[in-house]
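Two complexes come next, and they have one chain in common, chain A, joined by chain B in the first and chain C in the second.
After this line comes the complex of A and B, so read on.
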């Protein structure tokens, strides 16, 4: 970890008005939760659509995608990555610093509103579950998307295909695909701790922890190796 | 004093440059070229192989899905999905497509200040915006039309009613293509103005997909809260893909249980038209403001 890289990354990510871009999604989640609680629908009616389908399966991956693919992707786009690469730092340190910032920002932008939503719904245990689940899933998503931003020139496009076609579409048809869906891991962990009808998980907590951990390791190792032999090309970004 | 002839201090030497005397192709030609180039580049044609992977891959997946549908449809007594049904069902993939392609078409030009080069030709700002919008709509239309044509070929060859059966399928195909036009126009009119907000493809894609992904669960949740009431019937209006499914249901009688419009079909149709017009106006307005 390198505090200077982290500071510069955080400033590039959150500086000026960019931090405002992270606000609308949490507000939407809180708003929908308030509507859900006051609508008089039962917990298992409004909980899964709002907390699961909106919170854990759209807001969490989308925030992680934009944040994680821009911490390193913007530097590659701008060419400022050369300044970073010419410093006498191990590549591992660069990756870990970038990942730490992305993880912190994503967790803060998702875990806090999800916990608030759970508290509004009246379940303290679920709030704890949401914080743990969202934090853990943020790490998995961020490592995956950070690695993607090094492996391809169009990380957001590939990440979108993963989120929309794999996690949202394929999982509906092929049950086995759930095991490799970070969103299901987040749901499993949050539901495992919370234990309320507000969420319904479909994979076991053990599977979720193991597979997400594998995703994190694969993402970090893949990104580090890739950055170790990184070639700057002049092709249009 | 000023009537006195100035002394000649300089002279332009004729060093033999020729004047261009061929035809001048003008504004329409330039706009058409930009349109054709944009349609090609939205599928990565004329670019590197990596640029082709995602758009062609999505098109290929849609085509395979439609081949599978042909097999299922021919085996069952009643087809599970007709042509307009394809338009409704494949809208989800089409939102991914526009989120990937729209930034490709406009964001790179914004970031690299390419617009001024275009504007040094006889096209105007509005031509640029309309050409890009039309290109995105055409590319999206192709994404719908190719699976429909594959389905038509499959169904026409396997029909049992001879030439009448073929014409039956042809009628269905025309309805499907009409639905595809509506879908492509709306998706492009939403995505292009959003993409033109950011010169960064990361953020442009993010904004577009946020609009499509966030509205879907919000709309579904609102419908769940107030099922089978007027509010429930109108909840589909919030989500563009369910709005389009509602239009299909209203105009073409597609019923896939994606949305229940109740008696409000005309509202869905009206909102679609309003959104297409508003999106086009936003794109035009946005490009009036872009500095060049």
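After this line comes the complex of A and C, so read on.
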């Protein structure tokens, strides 16, 4: 980890207007939770759609996508990446520093509103579960999306395809696809700790932990290798 | 003392060959990398800076490979052509961050020194986004100098600089060269190279077209045949007297102009006005018809 890279990354990320995109989603989640609690519907009726389908399946991955595709992607887009590349730094150090910032920002932006929603729903245990689940899943998502920002020129598009097609569509048809869905990992961990009818998990906690960890390793190793042979293109004139 | 060596280096993008079998050595001192736009200068610099893999051949800095070797950046500084600086930082923050990323023992002192070299210390606490083009350029030069590299690569460093800044950067590069550093800068402007460096590498269409002392290349350029298109009050008479001149190797009379092939640029241009006056011919236009840099370079390639 490199404190200078982390500080610069955090300033670049939080200093942009893009970060405001992260605000409406948590507000929506809290609003929906309040409606759910006051509507008189039972916990297992409103809980999974709001906390699961909105909170863990949309807000969490979208936040991770916006953040993780920016920490390195913006520098690649505007060419300032050369300043970082022409330093005698191990490429792993650059990737890990970027990932740490993305992880911290994503966790803060998702775990806090999810925990608040769980508290509003009246479950302290689920609030803890949400914090742990969101934090853990943030790391897996950020590793994947950070690697994507190096592997493709359109990380946001590819990331959206994963979130929408794989996690939200394919998982409904093909049961095995669940195992490779970070959203399911987050749900399993949060539900495992919370133990409430507000969430319903479909994979075991052990599977969630193992597969998420694999995603993190694959993401970090892939991103490090890609950065190690990163070639400047598009300005060969 | 460091040398940069390219051995039989080619680089292509798909079907497009950007650099074609280039072998050259850059030794300590100032070297100019000259060539028309699109000739492959930036590609050559990026290959040297380890930002591109050669498709063929080897690129080494002091015998060590440039590609996939982050350690070599301890001795190498690069100023890219693209004007990319994080505008949300001040010059001080930016240069200090560079010093820290180089893990220098005293980053503040190094940043202060680098900013003083480019004379930016007065504006160093303003955001870079408020800077002029020349100031941004100097910020990037400061960041590239902060670790006191033995090899400095600059891509079109004089673009957007005013004459005073240009002069100042030239002096700075000379001073660094005198200290034994290896400095390579690219340019498509002949005069810049003339003022700054004795050694030139000329790249045309991805190939090394000429290499060596600037004066030699300059001579090749000035003694080559020149084409002029002249219109006057009496084209036929003008053609007659011109063909008698030793500096003229050919004249052809066209409908509304005289095409002249001059074998010696200087002598011909001095003689022309005098001749016209003696013969009482009014010259209405004298157009050098092949003065574009591309023509000059392609002439070099042909020789």
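Please note the rule applied: the second predicted complex is superposed on the first by the 230 of 237 C-alpha atoms of A that agree within 3 Å, B and C clash if a C-alpha of one lies under 4 Å from a C-alpha of the other, contacts with A are read in each partner's own complex, and residues count from 1 in each chain.
Just so it is clear, contacts are C-beta pairs under 8 Å (C-beta built on N, C-alpha and C of every residue); 3 or more make two chains touch, one makes a residue touch a chain.
Please read these numbers as outputs of a predicted model, since none were measured by experiment.
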Room on chain A for both chain B and chain C (clash or fit): fit
Partner chain(s) touched by A:231 [first = chain B, second = chain C, both, neither]: second
Touching partner for A:199 - first (chain B), second (chain C), both, neither: neither
Larger contact residue set on chain A - chain B or chain C: B
Partner chain in contact with A:53 - chain B first, chain C second, else both or neither: first
Touched partner set for A:121, first chain B, second chain C, both or neither: neither
Touching partner for A:216 - first (chain B), second (chain C), both, neither: neither
Smallest distance from any CA atom of chain C to any CA atom of chain B, in Å, after fitting: 9
Intersection of chain A interface sets (partners chain B, chain C): 235-237
In the complex, chain B residues that touch chain A: 48, 50, 54, 58, 61, 92-93, 95-96, 99-100, 108, 112, 200-203, 205-206, 209-210, 213-214, 216-218, 220-222, 224-226
Touching residues on chain A, where the partner in the complex is chain B: 21, 25, 28, 32, 35-36, 39, 41, 45-46, 49-50, 53-54, 57-59, 62, 65-66, 69-70, 73-74, 77, 152-158, 160-161, 163-165, 169, 235-237
Footprint of chain C on chain A - complex, ascending: 2, 4-5, 8, 11-12, 15, 78-80, 82-91, 228-233, 235-237
Chain A contact footprint on chain C (complex, rising order): 13, 18, 37-38, 40, 42-43, 46, 49-53, 67-68, 70-74, 76-78, 80-82, 84-86, 88-89, 97-98, 100-103, 143-144
